[in-house]
Every structure is written in C-alpha cells, then in structure tokens.
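Structures incoming, each one as structure tokens.
First subunit A sits with subunit B, and in the next complex the same chain sits with subunit C.
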Partner chain A sequence: MIKLVSWKTQRRIVPYIFIAPAMLLLAIFTFYPIISSIRMSLCEWDIIGTPRFIGLRNYATTLSDMTFRHALLVTFLFVGVTVPVNVTLALLTAILLNGRLALRNLFRSIIFFPAFTSMVAIGMLWKYMYSTDYGIINYIITLFGGHPKDWLANPAWAPWSLMLTSVWYGFGWNMVIFLAGLQNIPDQYYEAAAIDGASKWAAFRFITLPLLKPISLFVVVMAVIYAFRMFDLVYVMTMGGPGTSTMVLMMYFYRQAFIMLRMGQGSAVALILFVVVFFFTVLQLRFFKGEVSY
Partner chain B sequence: MKKVIPYILAIGLALFVLLPFLWMFSTAVKPLKETFSWPPYLIPHDWSLENFPISVQRSNAIRALLVSSIYTVGCIVLYLIVASLAGYGFAKYKFPGDSILFLLVLGTVIIPIEVIIAPLFMLLKSLGWVNTFHGMILPRVVEPFGIFLLRQHFKTIPDDFLDAARIDGCSEFGILWKVVLPLSLPPLTVTGLFMFLWRWNELLWPLVVGSGEAQRTIQVAIALFQHEWFVEWNYLMALCVIAIIPILILFILLQRYFIQGVVMSGLKG
Partner chain C sequence: MSKRILCLGLLSLVVIAMFSSSISMVLAAGKAVEIEWYAWGRPAEVEFFHQAIAEFEKKNPGIRIKLTETGWDEHHRTLDVRIAGGNAPDIYRTTFPYVGRYIKAKQALDLSPHLLKEYRKRFWPNLRQFVESDGKFYGVPQMTDTHVVFYNIDYFKAAGIEAPATIDKAWTWEDWENIGRKLKSKSPAKYGFAGALYNGEPWYINTWGGGFVTPDGKKPDVNKPEVIKGLKLQKKWYDEGLEPINTLFLKPDSHEQLFALGQIGVIFSGTWMAEWLKDQIGDKFKWGTTFVPKGPAGFSTALGGCLNVISPQSKHPKEAAKFLEWLNTDEVMERFCQLGFIPTSVPLAKRISYKDPTINGVMKAALQQYAQIPPIVVTQYKQKNYAGMVQVFIETIGPAMHGQITVEQAVKMLDKELRRLID
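Now for the complex of A and B:
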C-alpha cells in the first residue's frame, strides 16, 4: 500500500522533472529576453551606462529614419521578387523530377544540396563569381556577346545579384517539400482523368494544383518569413551596400544594435520587424483560409 | 524529341546548381595568380593542395574549426537530452498544465533569434558569458522542432511496452533510456542532424556573442576573413570548401534523413 502511494506521487512529479530542463532554458533564454526586449525598446541605451526610459521615442526615431524606410522598401522588394520566383521554380522542378526520368534521384540530390551548405561560404563564392574584372559570370556573358556588368558594385544591380544567389540557394529545399506533396497524390486520380479524356494540362490544372494547395500555402508562408529575415548573404556579400542599395531590415537592425551599439533602438527595430512578419503571415493564412479544404 | 526535353531541363538545372560548386573547388586549388586571370578557366593549370594548410594557418582556422565543433556538438548533445526528456514528458504523461506548456514550447517557433538577440547579449554580458562556450551554447539548445518531432514519435510507442518495463521494476527514467530511446533512432537522427546543420552554418548568433579572436566559429572566421586580408580568393575558397565538406559527407551518408527532416517541417509545420 505504501509502495502504491509513493508510486502515485512519483508519477505526479515525474512529468515535471522530464520537462523541467526545456522549460527552464526557455524561461531564461527566450521568455525573459522577450520581456526585456520590449523594455529595452522603451529605453535609450548604448551598451555602457544605464538605460534611460524614453517612452516610444525609439519607435518614432526608427520610423522617421530615411534609412529605415529605405530598408523597408528593399526588404519588400526582396520578398516580392524572391518568394514567387523561388516557389515557382521549386514547383516546376518538382514536377519535372517527379516524372519518369533516368537518374532522377541524382538530379534531385544535386538540386537539393545547396540549401544545407553555409550561406557564408555560398555568399563568398558568389561574390567571387560576380566580380567585375575577373568574375566567371561576366566571362560567360561576354562569351554570348554581352557586356560585363558590375554586379555587386552598382547600386542598381546589387539587389538583383543578391536575389539571384538567394533563389539559387533556397529553391531546392522547397522542391523537396513539393515532391513530397506530389507523391501524396494518388495515381488513380490521374488515371480516372485520362479515362475521361482530360488533357495533361487539365489534369495539372484541376488535380495537381488544387491538391498541392495546402503544401503551397506552407511553402509560401515559410519562404516569406525567411525572405524577411535575410541576413547572412547580405552581411557577407555587400554589408548593405553599395550605398544602402541592399540594406535589408536585418542588416539595418544589425547595424543599429551591434555596430552603432544602440541597443534600445535595435530592440525597437527587431520588434517592428517581428510585427511586420507576423502581420504578413496572418494575412496570408487569412487570405488562403477556406480555399484550403482538402 | 518529347522525351529529350525533360533531360535537357534537368541537366540544365543540375549544371546551374553544380557549376558554382565546381568553381569553388577549382579556385581552392589554384595558385593566387590564376584566380585573377582573364579569361577565367575551370581546370587549374597548376593545381596544388597547399592552399588548404596555408589558409588554415593564416586565418587561425584550426582554432575556428575546433570552436565550431565544440559549439555544434555541445548543442547537439544537450539538445538531444533536453528534447528527449521534454518530448517524452509531453508524450506519455497527463499532468495539470500539460497542453498549455506544450503550446508555449511550440509558440516559440514564431520568435526569431533577432527579436531576443540584443537582450540575450546584454544578459550574457552581465553574466560575463560573452566569448565563452556555455554562453554560446546554452541559449541555443531550445528549439521546438525536436521536442515536437520526438513527442510525435514517442506517442506511437505502445504503453504496454512501458508498463511491462515498470512491472520489471524499471524506473521512469530507465524506461526512457532503455526502452523508448532505442526504439527512436530515426527521429533522434533527424533531430541531431538538423541541429548540426543549423549550428554549424549559423552566422548571426556566433558573430554577436563569439567574435573574439579565440571564440570565432569557422563561419565567423570566413565572414571576417575578407575584412582582415586583401581578398585572396584561392585561400578564401579553400576555407569555404573546408566549411562545406562535413555537410557534404553527412549529405551523402544520411540523405534519407535530410529529406525526412525537410518534409517533416513541411507536412507537419
């Protein structure tokens, strides 16, 4: 009897012991910093000295800073261009490599691989390939009769160069998710459509696309989040330059918080970025809600 | 003709992805003067492997690789322990507050590192933990991914197994260690693998809390290489190859788990 009681008490405490390390780490290194991030954003604080409460002034300074507004625009450009290009390319590649093709697993592996390599190394590699005077890309362009361009040195070109690298890096990841989605569609649907005399395009339009919708929604939402948070490539390839032509929000945040050491304003920028991303995520989920019903 | 088109497209895409890597590897074995040659060429005229030891020495990359390894392995080991315990607690017990606490864990998915990195940095600074391993590692071993993944898997293990072990006198921790974990190698592999990929490749966090000379990871060393040296592309590409090789090896050995992890993030996320 005594044994039973102690066993029962033990069972009551044991689960909390199991989850304690994770909850403790979360409390110290996630929840506490969230609160202090909000608090810091209301203070003027450059690393040394003590924080001084200044209300919402950090937010006002940020929102009226021309560089911030520019960074917002650059970020929207990145999101608006890379997400559709990345997702479309990923979907088309998935469809291509879902077909009967010799060596298709090899093709998949090759296209899948870059997404796991370090963005730092990839950024460096592309920086070298983009170089104006001895870059391989300019050489290939001249082979086809084009004129060399200063890909990363020209403010008009630099954002597009970064976007190309970012799509190159990321579309294989989304391709794999789409492939999984395509493999979940039963063959009978296509066979039935073929018996009914549907064309390949009709099968794609009325079977593949609708059934891929839930997965596409997920892919798009995640791609938007990642695009908003782009940092590594920019840091390695352009540092936000030339001028501020590639100054994405994360780069602006890093500059304010860790180069200029304005911790208070940095926290405000990070929270603004968080709210923007959150807003767009909810917007997309709302927009597609009801359409996803499979 | 219709049969050829898919192959042309597939080969084109594969080359688009592959050629930059070939360019990286070829540059890494070229002598410096060949990296500036016009026209550039893929096959080095005078190749050698000596760029690797030279670049490693110059940028203190041995130290950086060591730091990266300790950081990454530390995160993986701690995370596997923390996530197994938490995943098991959430999967196999009912207790007051369990669903709220689990939601709280999952909810951190939406908190990206940049939102908390400034206060975290200040926290580490006040503890004197900047440029230390525990300072780098401890804040980075909580990710909902593995906790969720392992919980889903643990739920599929029948309670009869656990009760049988209990009757044999096994403690609750003993059950997790001796019965449950040996049955969970695939999800543990996926969890560990993705932790490896995230931490090995990470830039922002180690840049902020470990940019002191002795505490640089290989990624930070590469990122700062260009600021400290006139850019010698052959040495830089040699470093990049070194940073990518471990991933390439794991990719070849464990590709199944790479795909599983990505699909899991897609289908269940």
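Now for the complex of A and C:
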C-alpha cells in the first residue's frame, strides 16, 4: 500500500473534509444570501428590472423616513413590553407547574399548545376574537354590562392587543425551557436550605434564580430576537394599521420591499434590523457576563 | 468465445450511440409543445381554466397547456422572482395596474404579430390603454369588474328607501348620508353604510375632484379644499357611527361580513363579491345592487380585472399566443364571464346575458356603470407604483379618520408621500 500523505497531514486535512459539506451548504444558503443582501442594499432594484448602484442612498432614505423611525419605536415598545412579560410569566408558570399540582401534565400541555400551532392560524383566530361586532371578547364584555371596544381598529388599543396575543403565543414555549431548567436543579439544595431555615422566597432568590441563569440568558436572548422579528401576527391581524400604529420593523421591511417594490431599501432595512438585534444580543451577553455558570 | 461476446457488445453500444440522437429527435418531433400558464383564481375560475385547457388541447393536439395555480397573495412576488431568475412561465396572469411594470421592464411580449387588429379592437378602450403602446399590444384582457352598491332590500323597505334603477338617478353623497341615517333609525341595521374608502382606492376622492394624480399624471391632486371637505364628511360618518370604523380600509373587519350578518344596510363592494354574498346571505334577507353615488365632481369607481401576458422568455410564443387568442374569443369569454365578470370585449358586453339571476341583477347595474368610468381612473392605475400610492393613502388618511391627526394634516402628508412616489 502506497502512503500518499503523512499521518500528520492527514490529521490536519481530514477534519476539514468532514465539515466541508456542511460548510458548503452554509456558504450557499447563508453566506451568499447575506453578501447578496449587502450588495442589493447598495442598489435601486424592483426585482424584475436591472439593479442600479446608488451607494448608501438606501440607508440615508431609510434613516430619514418618518415611517421607519415610527416603526423602530413601535418595535422597541413590542420588545420592551413583550419580553419582560413573556419571560416573567413563563418563569412563574414553570415554577407553579414544577410543584405538586393536580393535572399538572394537562396544564403543561394546554399552555404549550399554542407553540406548535401555526402563527397565521393563531392570528386569524384572535382577529375573530377581537372583532368589534362579532368577537367573543366584546360579547363577554357586553354580558357584564360593559361597552364593546375596537381592539384592533383603534390605534391606541391595537398595539396592546397584538402584544397580548404575542405573549399568549410565546410564553408556553419559554415555560417548557424553564421547566427543563428547574428539573435540573438538584433537590438537595432545597433540602439543605430548608434545614437552614430558609423561606421559600429565599430559596427561590438564592438557589433557583442563580442556577437558572444560563437558561434565563437563552430565553431572554431568544425572546428579544423573536420580538424584533415579529411579523406574522402583524401581517395577519392588522397589516401594520390602523394607520401605522402597529408598523413594526419587519412590517416596514415588507412594505418597502414588496409593496413599494424597493428591494434595495428593503435589504437596507433588513441589515439595519440585523445590526440592532446584534447590538442588543451583545448587550445581553455582557449583562449576564460572569454571572452565568454552566 | 468471451472475446467475441465482448466485441459484439461493443459494436452494439456504438450502433446504439449512433442512432440514439436520431431517435430522440424523432421522439421530440412527435411530442406536444408544453406551455406553462401561471395564474391565480377562485375555485370556480380554476375549474373553468381546466375545462378550457382540455377543450383547447382537444382542438390542438400539438399543444399542451400546464396550469400552475397560485394564490393571489403570493402571485406577483413569486412571478417576479421567476422572471428575475430567468425561469418565467410562458403565459402569466396579472392585473391592469401591474402590467405597466412588466411592459416597462421588457417582460411582456408584443402580441401584435400574433393577434389580428380587429381582434384587438374588440376590447374596451380603457383596457386597451393598459396594454397598447406605440402600436404594440402586450397583453390580452380576460375579464374586468368594478365596484357597485349592495343593499338590503328588507331594510330599505322598512326605512322607506328606494334604490335608483338607472345611472342618471344615482344618489349623491348627501342622499347617501340621509339613507344611512334612515337605515340606522328605521331598520334593524346597527350601521347605515360602509365601504366608501374600501381598500384604499382613490375613487371616493375622485368624486370630490381630486385624485392620486392630476389628469396629466404629473403631480398629486389631493391637497385641495374639495378633497378635504369630502374626507371630513367621511370622518363625520365614522364619528356618528353611521359607518363602522373597524371596517376602514377592510381592517380589521370586513364590511361585507357585517352586511351579510345584517348589521349594515348598504355597502360598496366589488362585483366579484356577488357569489360570496349569495352564499353567505342565503335566505336571511333579500338584497339588490345599484350604482355608486356621485360627488360634486361626478362619478368614479374601480376598474378591476385580469389579463394574460406572454413572457419574452417563452420558447413557444406562437403556440402561447394561439391559446390566448382562443381563450379570449367571445364564445369562450361568454362562458367564463358567467362566473360573475364583465366581458372585456365590448360587443360581447352589449349582448351578454347571465344565466344566474343573482349575477344578472348585479351585472345590470355594473355594466351601466362600467361604461362611464372616467379617464382619471386609468391614469391613476397606470402610475408606476399604484400599490405604493394605496399604501400611503391608508397610512395617512387612516389616522385622520381615527382623529389622531386632522384631515388637513393627513392630506398634506399624503401629498408629500405621493410626490415622492411620482418622482
């Protein structure tokens, strides 16, 4: 048998051969679209015409557009409200359902149920529930003598109605992750704390919370990314309206790229969104730095 | 022995290789030409398309039509991607406001060498304006439609209202407001009317003397006292509950749904909704159709419909044109329009009779109205970004109707946004 390459060289090359297929797929389906998107953001293009290089004009137009600034504010509102509510609710529910409770598996399944349902279907369902004239929510309100509300038709109410649906949809998923984290905390810690006379609150504060930090970091990062990428519910339920009251960044991206047919500006918006999400992710990692022990 | 078998085997391979190219050429010559038709449609339309294809293929055994069915929501997006990727279908269905974009991008084939002049002249002049340019003809109009007024006959009787039977007696906006009040007070309707601003199309402001653009299409025509007056009147209707604000621009609720539930007495909607209303209303109440009201500047309404275009990327444009020509003959079109459409051929529109009595009633009003659509409607639709104009109309006028900004402020913002889109 002829030895073509030395063992040392083989050791150096073989790992690359093994990861080559995955890298190739990553290059085709991830890196190439990202590079294309950057290139496209420097052009004026309506998909079917010929792209025209315009430098950074798409970024300048986007940043000076009032609707974009408004969309950025609406998105921050969504992130600022839904993430804390979602994470807190998920944690509390997980703690509740981790204890001894009758029918707890049933409750876990019910709460997790929205997570494996299509978001479009959820949006349609809630849209009907929120309807001013034939929605079940207003029906219940009138049963108790209240006045029907324009849940999605009123610019003041619409963002909050969407946020409620978003939290309802998302917290079941986070609850399951927290539940997994809680079940990984050994009982001995709690037993030792009880012997030392620690209250339930003290046990939660000094045992549960610190040991859940890696899980919390993951949940918070994912919830923030999800909130920034919010699109499906907005598209199905309000299309960014009434007016622009629920125009989140992803909806603004859709508006520019597919309604205004400005693919270049759409790409610029997508890249700005990427920078914003990246910044917030780094910020969160820094915030948790040194406090997370795995 | 084995050497002989080997030689024979090699010889056979050489012979097969020599003849294989000729065999494939012969097979290809006998194979039918395949044309891909990229279209969306309601179930009844798609069923008709399949029937028409079968009929055409029977008459033309050398041509096979492959229908690629799409949904309306993603149709133009996926079509654009296919065109950009060099994989355009042979024939694609589109709408009149969209076709100008494809013509401009040289993605629509000139059909004048394939279609006789007499054939092309049958179409409504306003529809020809979308597809004709410099003596070239870029698409074959398949069907057209418009908006009409649907009303609850039972509620009208209860409120003592009579709907106009001829277009010269069409209501004014003043009549419209009075009808709304009567319906709200004298009939079980929760709201009087709905849908004047419908899905953000500009025909309401056309009736007040404005528009997305001036008649020459060069600048916006919204920031004027007449338009402001019209929009203020509209806001008053929302404030007084004559019209449900939750149906403004079809969001989040549909006024057609509320009409079918008996909560609204009279609505604007497209002729294509007749079939849906028939199914939804059933025997709950009697309903009829009449003309949209006139404003101080006259009458205006929507001009909808579809046409089919052949892509320059098609390898078989001659066969594709043959199919389109046949599909839009008066004979085939008459059968297609029975589904509730206005024929694109003027001679056919003048003589067509709809077998379904409900559709026939709707079309009676629609056809009278269609013949009077003003030129500004075509000018607006022909703008390079009509969909964008509708979007900014919704985004600026919406907050004014909700009282977040004044109508004057909204109109000023709309003027600015429209100017950007025209430029």
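General observations
Here is the rule we use: the second predicted complex is superposed on the first by the 266 of 294 C-alpha atoms of A that agree within 3 Å, B and C clash if a C-alpha of one lies under 4 Å from a C-alpha of the other, contacts with A are read in each partner's own complex, and residues count from 1 in each chain.
Methods note: a contact is a pair of C-beta atoms (placed from the backbone, for glycine too) under 8 Å apart; a residue touches a chain by one contact, two chains touch by 3 or more.
Bear in mind the structure is a predicted one, so any value in this text is a computation, not a measurement.
When both complexes are superposed on subunit A, subunit B and subunit C end up clashing with one another. By the touch criterion defined above, A:114 reaches subunit B but does not reach subunit C. In the superposition on chain A, A:259 makes contact with subunit C only, not with subunit B. Of the two partner chains placed around the shared chain by superposition, subunit B and subunit C are both touched by A:133. Once the two structures are superposed, subunit B and subunit C can be ranked by residues of subunit A touched, with B on top. Applying the stated contact rule after C-alpha superposition, one finds that A:150 touches subunit C and leaves subunit B untouched. In the superposition on chain A, contact of A:241 is made with subunit C only, not with subunit B. Using the contact criterion defined above for the overlaid structures, shared-chain residue A:168 touches subunit B, although it does not reach subunit C.
After superposition on chain A, the stretch of subunit C whose C-alpha atoms clash with subunit B is 78-86, while the remaining options among 6-14, 78-86, 132-140 or 204-212 stay clear. The contact surfaces that subunit B and subunit C form on subunit A in the two complexes overlap at residues 47, 133-134, 258. Across the complex, subunit A meets subunit B through its residues 10-12, 14-19, 21-23, 25-26, 29-30, 32-34, 36-37, 40, 47, 93, 96-97, 99, 101, 104, 106-107, 109-114, 116-122, 124-126, 128-129, 133-136, 139, 168, 172-173, 176-177, 180-181, 215, 218-219, 222, 229, 231-232, 235-236, 250, 253-254, 257-258, 263, 266-267, 270-271, 273-274, 277-278, 281. Residues of subunit A touching subunit C in their complex: 46-49, 67, 127, 130-134, 150, 152-155, 237-245, 247, 255, 258-261. Subunit C contributes residues 77, 80-81, 83-84, 101-102, 104-105, 107, 190, 244-246, 248-249, 251-253, 257-258, 261, 263, 385, 387-388, 391, 394-396, 398-399, 402, 404, 421 to its touches with subunit A in the complex.
Of all residues in subunit B, those touching subunit A in their complex are 6-7, 9-10, 13-14, 16-18, 20-21, 23-24, 27, 35-40, 81-83, 85-86, 88-90, 93, 95, 98, 101, 104-105, 108, 110-112, 114-123, 125, 138-139, 141-142, 147, 172, 176, 197, 200-201, 203-204, 207-208, 219, 222-223, 226, 233, 236-237, 239-240, 243-244, 247-248, 251, 255, 258-259, 262-263, 265-267, 269.
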